[in-house]
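Contents: one structure, followed by commentary.
To keep things simple, chains are lettered A, B, C and D as they appear, and every chain counts its residues starting from 1.
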Amino acid sequence: MSTRVADQGAAERLQVGVLGARGKVGAEVVKAVEAADDLDFTVGVDQGDPIASLVDSGTRVVVDFTHPDVVMDNLRFCVDNGIHAVVGTTGFDDSRLDTLRGWLADSPGTGVLIAPNFSIGAILMMRFSAIAAPFFESVEVVELHHPTKADAPSGTAGRTAELIAAARREAGSAPIPDATSTGLDGARGADVDGVRVHSVRVRGLVAHQEVILGGLGETLTIRHDSLDRVSFTPGVLTGVRRIGSFPGLTVGLEHFLDLG
Amino acid sequence: MSTRVADQGAAERLQVGVLGARGKVGAEVVKAVEAADDLDFTVGVDQGDPIASLVDSGTRVVVDFTHPDVVMDNLRFCVDNGIHAVVGTTGFDDSRLDTLRGWLADSPGTGVLIAPNFSIGAILMMRFSAIAAPFFESVEVVELHHPTKADAPSGTAGRTAELIAAARREAGSAPIPDATSTGLDGARGADVDGVRVHSVRVRGLVAHQEVILGGLGETLTIRHDSLDRVSFTPGVLTGVRRIGSFPGLTVGLEHFLDLG
Amino acid sequence: MSTRVADQGAAERLQVGVLGARGKVGAEVVKAVEAADDLDFTVGVDQGDPIASLVDSGTRVVVDFTHPDVVMDNLRFCVDNGIHAVVGTTGFDDSRLDTLRGWLADSPGTGVLIAPNFSIGAILMMRFSAIAAPFFESVEVVELHHPTKADAPSGTAGRTAELIAAARREAGSAPIPDATSTGLDGARGADVDGVRVHSVRVRGLVAHQEVILGGLGETLTIRHDSLDRVSFTPGVLTGVRRIGSFPGLTVGLEHFLDLG
Amino acid sequence: MSTRVADQGAAERLQVGVLGARGKVGAEVVKAVEAADDLDFTVGVDQGDPIASLVDSGTRVVVDFTHPDVVMDNLRFCVDNGIHAVVGTTGFDDSRLDTLRGWLADSPGTGVLIAPNFSIGAILMMRFSAIAAPFFESVEVVELHHPTKADAPSGTAGRTAELIAAARREAGSAPIPDATSTGLDGARGADVDGVRVHSVRVRGLVAHQEVILGGLGETLTIRHDSLDRVSFTPGVLTGVRRIGSFPGLTVGLEHFLDLG
């Protein structure tokens, strides 16, 4: 457990604590909070540390990157004490979300953000693809990763294709044209809700995705390149800064981004 | 002047005429209207043809790709007769737009769309770039064209940089970081409102633009490739189909695109 | 049949005739020859025209874009008369190539080039990919075309993968790593000789291919974009200019390109 | 100084030592040698360690990533003792290279490789660009790096442009076409020997370069992405494995790569 005394002269600064502070991701969050001019790091809590230190330290917002087994207890404590929470821990199903909504109903003014993805680039890629998809005849997804990845397509690519398919259904778009009548198995990729997804695996790559949309005489390509795992920290800090304006439960960082 | 009798049994189809029908662009519009299932081509008018044929043919929407010298007379006639107009002709300044607003005030229910760019891909590229720009530390524009182009940067690239700069100003974004202290003149491109713009000229290219945004550990790239001049026709047809719901003056097709 | 009198004062200029001159491709070749400073167009021959005009006009090199049914007769005439031939017509199997070699043995000094592909960009993409493939752990091919294409993968992509596989076999390269253990059918593309090939089909695209090679911490990408069918003409003119230095039979324009 | 006893039963394995073994780069080389099935790491030598241990340990090839002040003494020792050297240390001018050639003349069979760049991807990008440049009308270079880089353009981009310019001069290529007559300062990039070079600086990028070549209706793009500094190790190991076949002095790893 590490503690830092807040700068008394900067009352407008936000007091931020971290749950899971000694984990790989949590440690990066601590560093990012410490480096931010408008945030104060109050206390890091990990296995064996007393969670009550969050209250004692005057923490206003907590970031939680812990484990599905402990995250609900953590959130119960935070909501009961009126501490906002920005949560990257996985394992939330409808039942857990309902439980959270119940707790938050008794603590008006407190906000909890559950986000499966904090990369702003990935979130914008998905959002822009869904907005653009009904304006074009064709759209396909190509994701590119290192060759030690076990699943193909990636979770993000599958999710992107689903969002594209939903946007086109809602807009009444025609099926995507494809005259392929001869060829080799697999050449045209996987079919996710009518959207073709291709998975490239090449040594040296990290995590990349390209959405290619096309109509008569033109194409629009939206590409996200994630080159370093620290790419999630700006999204976490955005969540921390805005959670105070979003009381109740929010699922997905995109709702904090004013995307119009 | 070419005329086509509308299909009597399809009352919901839209009657569309074309001003400048024998020009290069106008001829493509005629073809696109004829090919659309929900539109009927009524009449094409060009130099020497009687504009009154628009009324006689029951035209509800006109597309105008003519010349700055005649477009105001064309629009006066259309507005007076309650015919909507979708206009790609250039040369509109504030004074002309004010005149148009005056005419439209006397003809409630009639709509005029003035659009400098009908490429949906280009419009989305600009719009997404402006939305995304405040979320990233860095953003630069690279535009690529054939080597017979006279201006550098392209008009679209300059406009994109201005929109990005405006979005960042409004969001209070910090200046874009750049530690360049030594090098060759021009290497870092042109400065448009604090945004760097690079112009590539290579034989074989048509018209392409890439906006590269980046933050800690990740980049987002939005690229538009225009490979054929017919890429403007889907945008024109979108304007034709939606103009009836936008009475008064609209400048820019983006306002018809439900971009959220 | 069109004829042009050669400029008497320019003895070093090359006299070039075209077989199939009224076809789509042949007509482009005629235009390209006429536009070249160092070439003279002598005569265009098509169905019904006397092939003897090639001799009468002093033609030194012929370009043949005709039909498999007539190309052997054309070449017999050319070889017998000592006229070099640059041939884009398809349909050459081993038996036809052997026949050609026999004819050429009786006409030393005469050259025939049979080329399945005259796009210099495509040829260099294939060649560079094969050279580079043994230096990297991974390599995959992504080809992108308009959605009216019937076959997937494209012929060029299949051929590229075969050349890559052959180069790796010869160098004793290890199999390309791939840890994919779960996913959707087709996500990892088609398998061509152990090289993964992905086929993207999007409206607005023309003909594009990307070869992605990767090793520890780096990738090398070789991309060819074909945006207009005239892209074959520089390759044809290169063939015309160099055929005189390559007596006998040559298969593939790459042998004329001094690629080391 | 660390030492490892060679496996007696594997006489065909190569004994490799490292000079500068405790430096950042040297330490990566030690790891890479240890991980290679066909190489044995013998001894690491750094400041204060006795260089004679190279001889005692039976080292056949040395890798030197040290400092310009000591590298010549290191090489004198290696050449005198018939140990091959693969050198990434900088600071070699013509005078030093001449001195090296003199020493090597007295030690026939010993090889020294001086290489300014061990990234195989970068070497191939430069080589392919120079080969391809004379076949296209246009060629430009775009390099993209993080915004803390001080120089623009990068050294690699400048070198690439010089190699392209030299290849075009030798082939008698025409000047690159450019009709730009109006625009903003810097838009067209820097001029390096008649080749335009553009430097993009965006947070999140590492080190990337794209060479775009174009002719009638087609473009060829060669792109290198360096995402991790370990990308130099495969090149170093290639140097180690082949140096025995290249007695005398070699400058540039490309000469070991059988690029034709």
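Methods note: a contact is a pair of C-beta atoms (placed from the backbone, for glycine too) under 8 Å apart; a residue touches a chain by one contact, two chains touch by 3 or more.
Here the structure is a predicted model, which is why all the values come from computation and not from measurement.
Compared with chain B, the chain whose C-alpha mean position is the greatest distance off is D. Two chain pairs, A-C and A-B, are compared here, and A-C has more C-beta pairs in contact (counted per touch definition above). Comparing the contact residues of chain B and chain C by number shows a mostly shared set, over half of all numbers used being common to the two copies. One simple way to say how far apart two chains are is to compare their mean CA positions; for chain A and chain C this gives 48 Å. Between the Cα centres of chain B and chain C there is a gap of 40 Å. One finds 34 Å separating the Cα centroids of chain A and chain B.
Each of the following residues of chain A touches two or more other chains: 136, 204-205, 213, 215-219, 225, 227-228, 231.
Residue ranges on chain B touching chain C, taken from their complex, read 204-206, 225, 227-228, 231.
Residues 136-140, 142, 144, 147-153, 176-192, 196-205, 212-219 of chain B are the ones touching chain D in the complex. Of all residues in chain D, those touching chain C in their complex are 119-122, 124-125, 128, 131-132, 135-136, 213, 215-231, 233-234, 238, 257, 259-260.
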